[in-house]
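Chains here go by letter, A, B, C and D, matching the order in which they are written, and residues are numbered from 1 within each.
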Amino acid sequence: MPIDVVADVMANRRLSSDYNVLALAAPAIAAAASPGQFVMIRPGRSHDPLLRRPFSVFEVLRDQHGAPTGISLLNKRVGVSTGLIYTAQAGERVDCLGPLGRPFSLVDPPAQAWMVAGGVGLAPFAALAEALCGRGTTAVLFYGARTAAELFYLDVFRALGVELVLTTEDGSLGEHGRIVAPLERRLSSQRTDRPVMVYACGPEGMLAATARTAARHGRACQISVERIMGCGLGGCYSCVVPMRSDDGRFHYVRSCIEGPVLAGDQIQWD
Amino acid sequence: MDLTVHIGSLTLKNPLIAASGCFGYGVEYAGIVDLASLGGVAVKGLFLAEREGHPPPRIVETPAGMLNAIGLQGIGVHRFVDEKLPELRARRATVIVNICGTTIDEYVELARILSDAEGVAALELNISCPNIKEGGITFGCSLTGTFDVVSAVRKVTRLPVIPKLTPNVTDVASFARAAEDAGADAVSLVNTFLAMVIDVETRRPKLSNIVGGLSGPAIRPIAVRMVYECRQMVKIPILGMGGIAEARDAIEFMIAGAAAVQVGTASFVDPFIWPKLIDGISQYMQRHHIERVSDLIGTIDTRTRDKQWISS
Amino acid sequence: MDLTVHIGSLTLKNPLIAASGCFGYGVEYAGIVDLASLGGVAVKGLFLAEREGHPPPRIVETPAGMLNAIGLQGIGVHRFVDEKLPELRARRATVIVNICGTTIDEYVELARILSDAEGVAALELNISCPNIKEGGITFGCSLTGTFDVVSAVRKVTRLPVIPKLTPNVTDVASFARAAEDAGADAVSLVNTFLAMVIDVETRRPKLSNIVGGLSGPAIRPIAVRMVYECRQMVKIPILGMGGIAEARDAIEFMIAGAAAVQVGTASFVDPFIWPKLIDGISQYMQRHHIERVSDLIGTIDTRTRDKQWISS
Amino acid sequence: MPIDVVADVMANRRLSSDYNVLALAAPAIAAAASPGQFVMIRPGRSHDPLLRRPFSVFEVLRDQHGAPTGISLLNKRVGVSTGLIYTAQAGERVDCLGPLGRPFSLVDPPAQAWMVAGGVGLAPFAALAEALCGRGTTAVLFYGARTAAELFYLDVFRALGVELVLTTEDGSLGEHGRIVAPLERRLSSQRTDRPVMVYACGPEGMLAATARTAARHGRACQISVERIMGCGLGGCYSCVVPMRSDDGRFHYVRSCIEGPVLAGDQIQWD
């Protein structure tokens, strides 16, 4: 069951002029969260902004004994609430409801885990990588951003033993271009008897391309979708994603409770 | 302290009802709220058949409010009765079923089916959904349409019949009167205000449906006025709603004339709102030495004051 | 870059007008805003005679909005012409006079007086003030009333005639049509939404007048929808308003169909808003390679998308 | 002409669980302000709360050379915006428009200045006392509050040489009761050939009583009224106060531009 806490801001680390990592004191949510789940955040108490906003659980924070103390969010400033989260100061309080949604399902060796992240779509993968590496699963992170300065936490992933494949749109780091290109090449070169699970999160165009690429290569693919969410609990039906129906048509499912992680080959990309 | 209120033959254990479309089929919230602790649960608007609703984007936030154009995605009445009602019954929820139709016959058919089902406490006739042409709004914007659909449903059910009125009319009280004349046990108001937001960068509407319904605190003062107007026009109970986010707001609607209130948008913001609302109302009653919450209904004091000064 | 827009025979140097009742008689703001830099200044609603208006409290804040029930306190048309118009003229303001009457004859009389006065650019007929019974709202809520008052004024003046419509009706576009049929040069919309707030501690309305008019960002999405609806019904220009607080909002109204916009409540919050709005609009035009601001009017793109996905 | 500044919060001093003094960096407003004038404050940037709120200029703050650096506000938490002002932290920014309204007119010796303050009605008198004492005018502060802990800045007034007459409703400091009682006694005992100007700010009941008492004793009285203000600039007509007309009736004046300081004997108290 999700819980709602008034979480103290423990720290706010600015990564760039648009990105920051906000650490929230929320031990119970931290203890309950699985990789791929999200929280609904409300950074103020007025009616403007009104609704909460969904954020992936980026890291589970722990004290020196390993006990969960809180979570962090990787935030990209795009509008009102993400702006408030960008400027939040330690000591402020933020309403935090979670953990919510269906997490990623993890794979064990010999299966490999390939994570595909675009921009702020990196958010669910820090926790996922930790969980995967913890069970010895070989993990690769395909990570694309606009520019080198927006490729974050590379050391953290390296320290976990994750292989990094990077792209930037301006060519300032890694391969020049979009992240689906190296993913595609690697899928083509991977022996088909070596099991691979593809995980993806990022802009919708990238998700669609990843799902199609994975499908073409016969690889299962778990997509974390990002829809506008009114409630995060299945109450409002705002967050729907079209899923293929048996009759060749589609039906809408609520990505907050049936997702945010959905099977790439079942989503109706159009 | 007595929190019960009466809606026709129905007694609610308190005046707080989860608003239709804002609480799924109720079962989604079973882990968060004790459904039996609510005065009622108005489930998502149901047609006879399943519907997919509108493509996303389906909501957009506005200052102190939100627009929705869900398009009444839903599982249809049969699956509701089979799949959801048993759990709602088991959890002892007071279930108000919000029904939508394209024709009077559809409303009648829905009413028949739900009257036969076990565990339905009342029918809320959605004749006010602003987002779909076939969602009864043609009834809701015409006095005879309102009268006709309410009378037809009235004839086939013993359940309390509660038409839900649209605020998008010149004189909402006349619609309340038409509903009363047709035998309604109560009226619900307001549904959402027809509205739109345009993305200036793309010049496209932010909702796939172009227009949507405005709800949330932004509309509260208009909704309170409408409840107050209807209170003067009809004797049947009013279920008031529109932007209730705190106990104070619920009390305001009751003072304006509502016998019970519904909460929609605010329960998105705070799904744990229900016990807070009940506590807040109880504290208010204690502070003001009010024994029965129903003693608040319609007690607004409009004596004009010659006084020029606020305090003194 | 060309910011001019045309309202009938009148050319405004930009589409930004100070909304009536929110800018006094204009002269109050002479030290803060260069009045000549505005597209227009709609002065406070004027009756023939002086009026004291309603007792305070006259305003109350609501979520993202405010209610007012000023009751059209005013100095009457004669003192306006004698005491205010000369200064407005000297400051080269484009003066739109908002007029109110109890009878058609009063509107006609006001129109006559103001047509003879030097320095009046247009007449805005307030047939939509929700706060006083005698403020023309009986005209504003009846199609024939709207038609009759507009035609009567039309006959006695060569000034552009701009009825200001109330949003408190089922179908605002039909009122725009009635106004157009009667010879209006443009329509203004929206006036405020009838609303109320009750102080739960005293159970008294927060406004002395019980009800008041809701303005501010809260109403913006409803107002935009109404402009969009009217745009489809009439050819005459629309002066759009309701909750404009940023350049983006003004542009949204224009894309929905407004030829010009008015700003009221937001200028209380930021009296220095005007150059910011002009800058914001200019920057938008530059970014989108728009040469004439009038090229924005009504350019909303409502092609339905089959697309299920927001970005791609 | 008023100016609008985005003022940095320089300090926030809590005086009690409801009262605080907020120091704002606003040199130009500080330089232009006269005692009795006010500013319109907006402590946030969202549409909720929407409107600015009026506050008296409490102190004009100066650097070591005496140059004005900002103003302070004496704030009493009663609702949303005053709540935000109560919790504002140094470094936050607050929109501040002013100075606005008609100030007190000052009196010179031999006239005495008697200031009557109820609760947060103390706000305009720190600046007034400084100005009066600066010109050698004998000043008395009649200051009433609920309880001793809500009588603030007594030392500051004493240091200026202001005589203090205090009352509390619970009798915890000064005379037990309301402030108009000692004022009334003092007016009765004051020789009529000794000129006195009464200044008052506080709850409306106190203002009416003060104005009536002053009138009964033939003393001029300047009242700073507090009305709900939408704009502070004469634009909205929300802030009106009924003033006596010659014909025995009344007319409304806008207290933001014709006040907030108004002649007590001309206000229509009812």
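Operating definition for what follows: a residue touches a chain if its C-beta (ideal position, glycine included) is under 8 Å from a C-beta of that chain, and two chains touch if they have at least 3 such contacts.
None of these values were measured; they are calculated from a predicted model.
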(message) Looking at chain pairs A-B and A-C, which one is connected by more C-beta pairs in contact?
(response) A-B
(request) Average the CA atoms of each chain to get its centre, and name the chain whose centre is farthest from that of subunit D. (result) A
(request) Round to the nearest whole Å and give the separation of the Cα centres of subunit C and subunit D. (result) 36
(message) What's the distance between the Cα centroids of subunit A and subunit C, rounded to whole Å?
(response) 47
(request) Could you give the separation in Å between the centres of subunit A and subunit D, each centre being the mean of its C-alpha atoms? (result) 54
(request) Mark out which residues of subunit C touch at least two other chains, giving numbers and ranges. (result) 55-57, 63-65, 216-218, 306-310
(message) For subunit A, give me the residues that contact two or more of the other chains.
(response) 47-49, 227-228, 242
(message) Edges wherever two chains touch, nodes for the chains themselves; is that graph a line, a ring, a star, complete, or other here?
(response) complete
(message) Which residues of subunit A touch subunit D once you look at their complex with the stated criterion?
(response) 44, 46-49, 80, 89
(message) Help me check something: in the complex, which residues belonging to subunit B touch subunit C?
(response) 55-57, 62-65, 67, 141, 168-170, 193-198, 200, 202-205, 208, 210-211, 214, 216-222, 224-225, 228, 243, 248, 251-252, 255-256, 284, 299-310
(request) Report the residues of subunit C in contact with subunit A in the complex, numbered from low to high. (result) 63-64, 217, 306-312
(message) For a test of understanding, state which residues of subunit C touch subunit D in their complex under the given definition.
(response) 21-24, 28-29, 31-32, 44, 52-53, 55-61, 63-66, 68, 70, 73, 216-218, 245, 265, 267-272
(message) So in the complex, the part of subunit A that touches subunit B is made up of which residues?
(response) 1-2, 4, 42, 47-52, 95, 97, 227-228, 230-231, 233-240, 242, 250-252, 257
